[in-house]
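You will see chain A twice below: alongside chain B first, and alongside chain C after that.
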Partner chain A sequence: MIYEQDRTENLDACIKCSACTAMCPVAAVNPLFPGPKVLGPDAERFRLEGLQIGAALLNYCSKCRTCEITCPSGVKITEMITRAQENAKLSGSGKNLQSNIRDYLFGRAEYLGKLATILPGLTNTLLRTPLFRQVLEQALGISSEAPLPTYRKKFNPFGEGHKNRKQVVYFPGCFVTYNDPPTGHAITKVLEHNGYEVIVPPFHCCSTPLEGNGYVREAKETAKKNLALMNPYIRAGVPLITGCTSCGTALKEYAGLDVSASELQAYDLFEFLWALHEQSEFRTDFKEVQVSLGYHSSCHLKAQGIGTPSVRLLRLIPGVRVTDLDQGCCGLSGSYGFKKEKYDTAMQIGNPVFERVRHGVANDEFQSVITECGGCQVQIRHGSGTETFHPVWVLMQAYGLE
Partner chain B sequence: MKDYQVVIVGGGATGVGILRDLSMRGISALLLEQGDLAHGTSSRFHGLLHSGGRYAVKDPQSAAECIDENLILKKIAPHCISDTGGWFVQTKDDSPGYVEEWIKSCAGAHIPIREVSISEACRKEPLMDKNVLRVFEVPDATVDGFRIVWANARSARHYNGEFRTYHQAERLVTDKGQVTGVAVRNLLNGHQFTVHCDIVVNAAGAWASQLAGSIGIPLDVICDKGTLLAFNQRLFHRVVNRLRPSGDGDIFVPHETITILGTTSQFVDSPEDNDPQQEEVRSLLEIGEQLLPGIMKNRIIRAFSGIRPLHREDHDVPGVKEEGRNVSRSFALIDHELQDGIKGLISIVGGKFTTYRLMAEKVSDRVAEKLGNTTPCHTAEEDLLPEIPEHVYKKAARLLPYAPVEKMLERLQEDAEDVLKEIEQTPHKGQMLCECEMVSMAEVEKAASDEDTHHLADIRRKTRLGMGTCQGAFCTYRALPLLWQKKEKYDSLDEELRNFLNQRWKGIRPVLWGQQLRETELTRAIYSGILQFTEN
Partner chain C sequence: MWDGIIIGGGLAGLTAGIRAAERGKQILIISEGAGSLTYSSGALDFGDVGQLLSHEDHPYALLGETVVHAGMEWFQNLFPDYRGSWSEFQEILTPLGAPRKAGIVPRSHNTEPLKNAKVIILMAPYGLKDFFPEIIKTNLLKAYPQCEVEIFPFRTGTFESWHTIGKPVTGMDYTKYWQSQPGVSELKRLLDSLPQTSGETVILFPGLAAAFCEPLKEVLAGTPFPVIEMTSFPPSACGHNLYSALKQKFKSLGGELLTGTGVQSIESHNKVCSRAIVRSKGRPTAFSADSFILATGGIFGGGIEATADTAQETVLGLPLYVPAQWTNSEFLGEQPYARIGIEADRELRPVGPGGKEVLFKNLRVIGRMLAHWDPWTETCGGGVSLATGWFAGNQL
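And then the complex of A and B:
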């Protein structure tokens, strides 16, 4: 009832201004995609009548959430689209078997990661084999051109273990766990350097990939499992930190599931560090780091509405110059750009970012790119040929922790 | 010299029903309508295809008529009807004694009912009050007034029936105690002329007494105003009625993309007296709250009022309260030859939308008898509209991948293929000109160029343009260039825009709060700010 009433009021809030569609990165490059207003609040009124509107088009939404942060009325557009996608899936319209299997797999980044990291070397060799990629494209609709990330030996959070009065819970997320454990270690070290004990319960996937691929119910289940793991820390007032912006968006939305917004203290890593800085608790014993960087802010960071704390923080380090690229979405959006029918759209969306990066590098404005999101890193590397990494690495250098 | 055997005055459901019936019997007929078809009560109503449940206790004859017609219309006009089903819901304020009486009366009128468990009810209608006591399912449905009126008109035309919109019957013409024709004015160009015929059928609804009065015949029709609220979305999946003696504000009807709550009942002096008032809105919300808790939180996009034509005769019984709902809603067929000694005039007054076909049958039987025509009525058997062919559906779905194409095809009927061809040739015309109700540019263009479209409001009735959430904020200015292409037919664009926005404003004013207020401010910014369109 509460939920139904919220849903009803949220749909009523739309005043049809079209701001959301004007800012949607997919609508900007794909003329066949009618955009968030049509597929969200417009279609919703017909869906309530039992009509499936544009079921096949729903999957073209990349779930970047640009529409939601743009909307002046707070309409949960992406949520509407995701729910419609799930209903279309349940009623069997709008998709074929191939993309169903694929989206099933992509929705389960955690299982994919677990499988792949049993023998990461083999997985990576296979993923780099053109023939295998052809097979993936034919069989599962995964683009053979897309920059599938490499798998590494699984992130092992234990072993650092400094005991301390001050604690944080760290949520590494699937990308760090299966594809980029070193970044996980770096984040742990930076937090420890600032006097925190870092606790990493055996978390599951944050649920963003499930939602992104239209599995709303399962996403909620997974979120609840994670909440159960966090519960003792939440009760003890221990903050929850993640360095992945998609996980961050998801974690912040756990509020309302089994925990209230006031209890749940979820932070993006740099949001947390900046808050420490404001309380003069952040260590600024930096070495000079002579580096020029281009900064790309991910859509899911924007969705959190916290500005760009990493840029502010890195600019405290002597010698560091950061240019905000400000070219919108990179196009990948989780697994979106890996899908063969969306690869071109994804590359087109990302094109302004890639152009800007190439231009910046050619003119010596900066040498490499930083961005918090693992997916963006992979895509920008792929699209621009420029080295791209998580901003925590700059801190590592400045602290001399590398 | 006569032009037609019969002239029908009034292009509401009743009038077009008669036109179809007579035309199918091979009787030549012309229908005159002073506005657009269905611009009277037949588009200002609740949209409920009654099962009869509402009348079962008080008026068993009406109830029996309703259930019969309900089943007939579902069969012959499925494209105009949404078979939602309906519930009668007893709240703690409703008397258990009445419930028992109602159950018996439904059996008497052969209205099938099924009791629904409270848990099933709460699951199926999550917004409904959880404290209701008993719930019964009945075969209520919803009916699209515009569509069914047009379907009748089209079907009649197929049988050589004719109709003229924006033609007002100014006066009846008589010769030696017999009505021989109608003096007509074409309201678009002011031309006046007389149409001669054997019989005039007065189906002018709430205006019926004016027409009869033009030759001094007294016909007592009470104008009973009912106000309705349109919510922004479907709040219930089915019709929800209160299980109690009929009263104000106790029916929710999910209609197309919206929900309609109503209605009030108040006698007014004239059929034009249809401005919804704030007082009525408040009383509707108070009663609606009992079935839909937190009703004030739901966005209302407009209020509107219709005028029920009630026949005074039926309630000329001493002791009946001077209140609209106690006047019979069963209809009266008045043969003025028997009543007033004037030949050639038949009036049909009262009734319900649900029973329009039956009323038309009764009138047509009488007319046919007088004309010596013995062809029986076939309107209950023959489908009102042809099936939409599968290949047209497929083509529409391909060309308009994100539109509710069934609705579009049902609206367009035989014009569908033209519109689709246009979209195929000029793909940008497949864009939605009215985004809230998802009406494509090609469809609006078609409606704008129709010979019987004369104002933007006519396009609205044909397409649903401007009837959704934004209430014309965006589609009104978008439609203007399409009117311009046929500018000889329309008033100046300035005038069209002003009239259309003012009509929308009339319905918004009494519900101006919350999100609709924000919307209205946006509309004002567009028209007064950007387009510099000044007051009045």
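And then the complex of A and C:
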């Protein structure tokens, strides 16, 4: 009941100023998308009465939360839309069979990855074959132009294995595991360099893709499996670290499932390193690194509400210059931009980011772009033609670990 | 770890942040939302400074004339796209086309050229929301009786699909388009297609917002007649562009801006604030600093929670000045609740009831959080936020 009351109150807070819709990156490029005001507080009125409005359109929202940040009345617009999506999903409206299969697959980045990395060479060749991409588009609605990431030989966390009194659990996530193992090794080395033993249990996907594709119940089950694997470490007070901002958001949301917020010590990699720095426990035996970088803050990092610790930390390295690109969403938003009906929208959403990057490179402000999110890396490289990588690589260079 | 943490990133908070960062300070701004600039006109009103300086508790009076003046100068040096003058008001047009006075305005909004114009061409973008060309025409004829006003309707290809489904195009949408590459070329083509008349023609162009956009300014500078803009109803592209410009300036000076979540409390002992506790995902995060600035925007910004009979400062629970009689029945008259806020000393530090005791030694309060001023009847919203923000950033 209290919940229903909250819903109504939050709804009444809307002063109908339309600022949210004016700032929504999807509404700006897709006239068919009615925008956050209509899909959020306006439609919520009908939803409270049990009427589902515009269920098919809800899926166009990329969940970037720009609307919420803009709203002067604190209306939780994205939350309303997400909840409506979940309900629409449960009642089966808004999707056809094709998008159901595709969303099923994208929701399971882990299975996709396992399949693809059995023979990564073959997968990549296929993914680069136009004919195969046409087939994917026709059969599954996966855009033939979208920058599907390259698959590599699966991340093998063992092999470093320094034993130490101080321990962390590392959650690599699907992108590192199946597409970018070297970054996983880099993160391990940086943590080891700072005196930590890095433990990597055989985790499942963090569940963000499931949730993003509307599989809420499955997302919870996966989360619980991961929690069971973490449990002994959580009990022993071992911090849990990830270098992926989407996994980071998901892991922090595990609090409240089978574990309390105070027990679960989940950190973004740079958030953790910054905390070490504040306790004077972070190693700053840096070599000078002469490099200028553009920094893109992913939506999932913004959602964590921890600021931009990687920028803070990299600026401690002599020679490193970091420019915050200060732009919105890159448009990919998980697997949103891979979908055929959303590819164009995604590219248009990301356009301000791409233009900012091209402008920065042309004016010698920076040479390449760093961002923690693997998806953003792929999309910004695709959209701007500029090299992108995880900020941990700058630390690797500064420590001379490369 | 930081020299200063600013809570609230609206006009006041960002101004303080930029001023402090310019002076080499390490600054973190934590702001739940984007502040109220997007709802403002984009022009900064200072009100009748001379008169307000004589109101005993008014923020201007706390700071003194030199500081208010310094804030205004500083802003114009920071953003040459804006113009103001200490000795005279600037004139701009309301969304309905009536002239009004303001303190610092985007150069392209200044109505100066209209005073000598014979013909005003009012551009009428098709489907522009909250745009009333006929009313504007009437108001222009009243204010500039020497002029003829011609309405020039036009439509651009980009919004055709919007028009087809009857979706209104906001000024923000038009602005975003004009600022894109295809938009710039289209604007040039459009302005070139206007009838070439004598030097006494002025173009009035709603939904443009050229300030801070180099390619647009270039196009406008190349036209044979002056092109001026008008303010719009909220949300306003012009106000939003000012917000973006402030944000970019702050970041380019090395400042860090954390948006999307707010400060739930501040830890302190012996009247010294030490850590801001942020509502971050999963568990709260603490950020430490030497100094703090509270710029949470009053009732509209969320820094003060007001119900029918109580008002509360949301972060530290600071005492508030609350006028005896809250609301005033006189429509458009003085609303005493506008003056609710925190009372401060000349250093803008919060003081207890009676005004003697400083409650926190390293905390300053700025902008809409301060008591004893009313942006609506005194039209000094931008001026107070700018002056108090500049001062706090300068002292930090």
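Rule of thumb we're sticking to: the second predicted complex is superposed on the first by the 344 of 402 C-alpha atoms of A that agree within 3 Å, B and C clash if a C-alpha of one lies under 4 Å from a C-alpha of the other, contacts with A are read in each partner's own complex, and residues count from 1 in each chain.
The rule is short, and it goes like this: contacts are C-beta pairs under 8 Å (C-beta built on N, C-alpha and C of every residue); 3 or more make two chains touch, one makes a residue touch a chain.
Here the structure is a predicted model, which means the values were calculated and not measured.
Student: Looking at A:V361, would you say it contacts chain B, chain C, both, or neither? Reply first, second, both or neither.
Tutor: In the superposition, A:V361 touches no partner, neither chain B nor chain C.
Student: After lining up the shared chain so the two structures overlap, which partner does A:C17 touch, if you call chain B first and chain C second: first, second, both or neither?
Tutor: Both partners, chain B and chain C.
Student: In the overlaid three-chain picture, which partner chain does A:A303 touch, first (chain B) or second (chain C), both, or neither?
Tutor: After superposing on A, A:A303 lies in contact with chain C but is clear of chain B.
Student: Mind working out whether A:K37 is in touch with chain B, chain C, both or neither, as first, second, both or neither?
Tutor: In the superposed model, A:K37 contacts chain B only, not chain C.
Student: Which of the two partners, first being chain B and second being chain C, lies in contact with A:A398: first, second, both, or neither?
Tutor: The answer is neither, since A:A398 touches no partner chain.
Student: With the two complexes superposed on chain A, say which partner A:V200 touches: chain B (first), chain C (second), both, or neither.
Tutor: So A:V200 meets neither chain B nor chain C here.
Student: Which partner chains sit in contact with A:V378 here, chain B, chain C, both or neither? Use first/second/both/neither.
Tutor: In the superposition, A:V378 touches no partner, neither chain B nor chain C.
Student: Compare chain B and chain C by how many residues of chain A each one touches, and report the one with more.
Tutor: C
Student: Quick check on the superposed pair: does A:C71 touch chain B, chain C, both, or neither? Answer first, second, both or neither.
Tutor: In the superposition, A:C71 contacts chain C only.
Student: Return first, second, both or neither, reflecting whether A:V216 touches chain B, chain C, both chains, or no partner chain.
Tutor: After superposition on chain A, A:V216 lies in contact with neither partner.
Student: Shared contact residues on chain A, chain B side and chain C side combined as an intersection?
Tutor: Common to the two interfaces on chain A: residues 17, 32, 34.
Student: Under the definition above, what is the set of chain C residues touching chain A in their complex?
Tutor: Checking each residue of chain C against chain A gives 1, 28, 30, 32-34, 36, 38-39, 159, 161-162, 165, 167, 170, 172-173, 176, 234-235, 240, 247-248, 251-252, 254, 256-261, 278-283, 285, 287-288, 300-302.
Student: Within their complex, state which residues of chain A touch chain C.
Tutor: Interface residues on the chain A side: 17-19, 21-23, 28, 31-32, 34, 65, 68-72, 74, 249, 251-253, 255, 261-262, 264, 266, 271, 278, 302-308, 311-312, 315, 323-324, 326.
Student: Taking the touch rule as given, give the residues of chain B at its contact with chain A in the complex, in rising order.
Tutor: Residues 126-127, 130, 232-235, 254, 256-257, 294, 297-299, 401-404, 406-407, 432, 435-436, 438, 468-470, 473-474, 514-515, 518-519, 522 of chain B touch chain A in their complex.
Student: How about chain A: which of its residues touch chain B in the complex?
Tutor: Per the touch definition, chain A meets chain B at residues 1, 4-5, 8-9, 11-17, 32, 34, 37-39, 41-46, 48-49, 51, 53-54, 56-57, 73.
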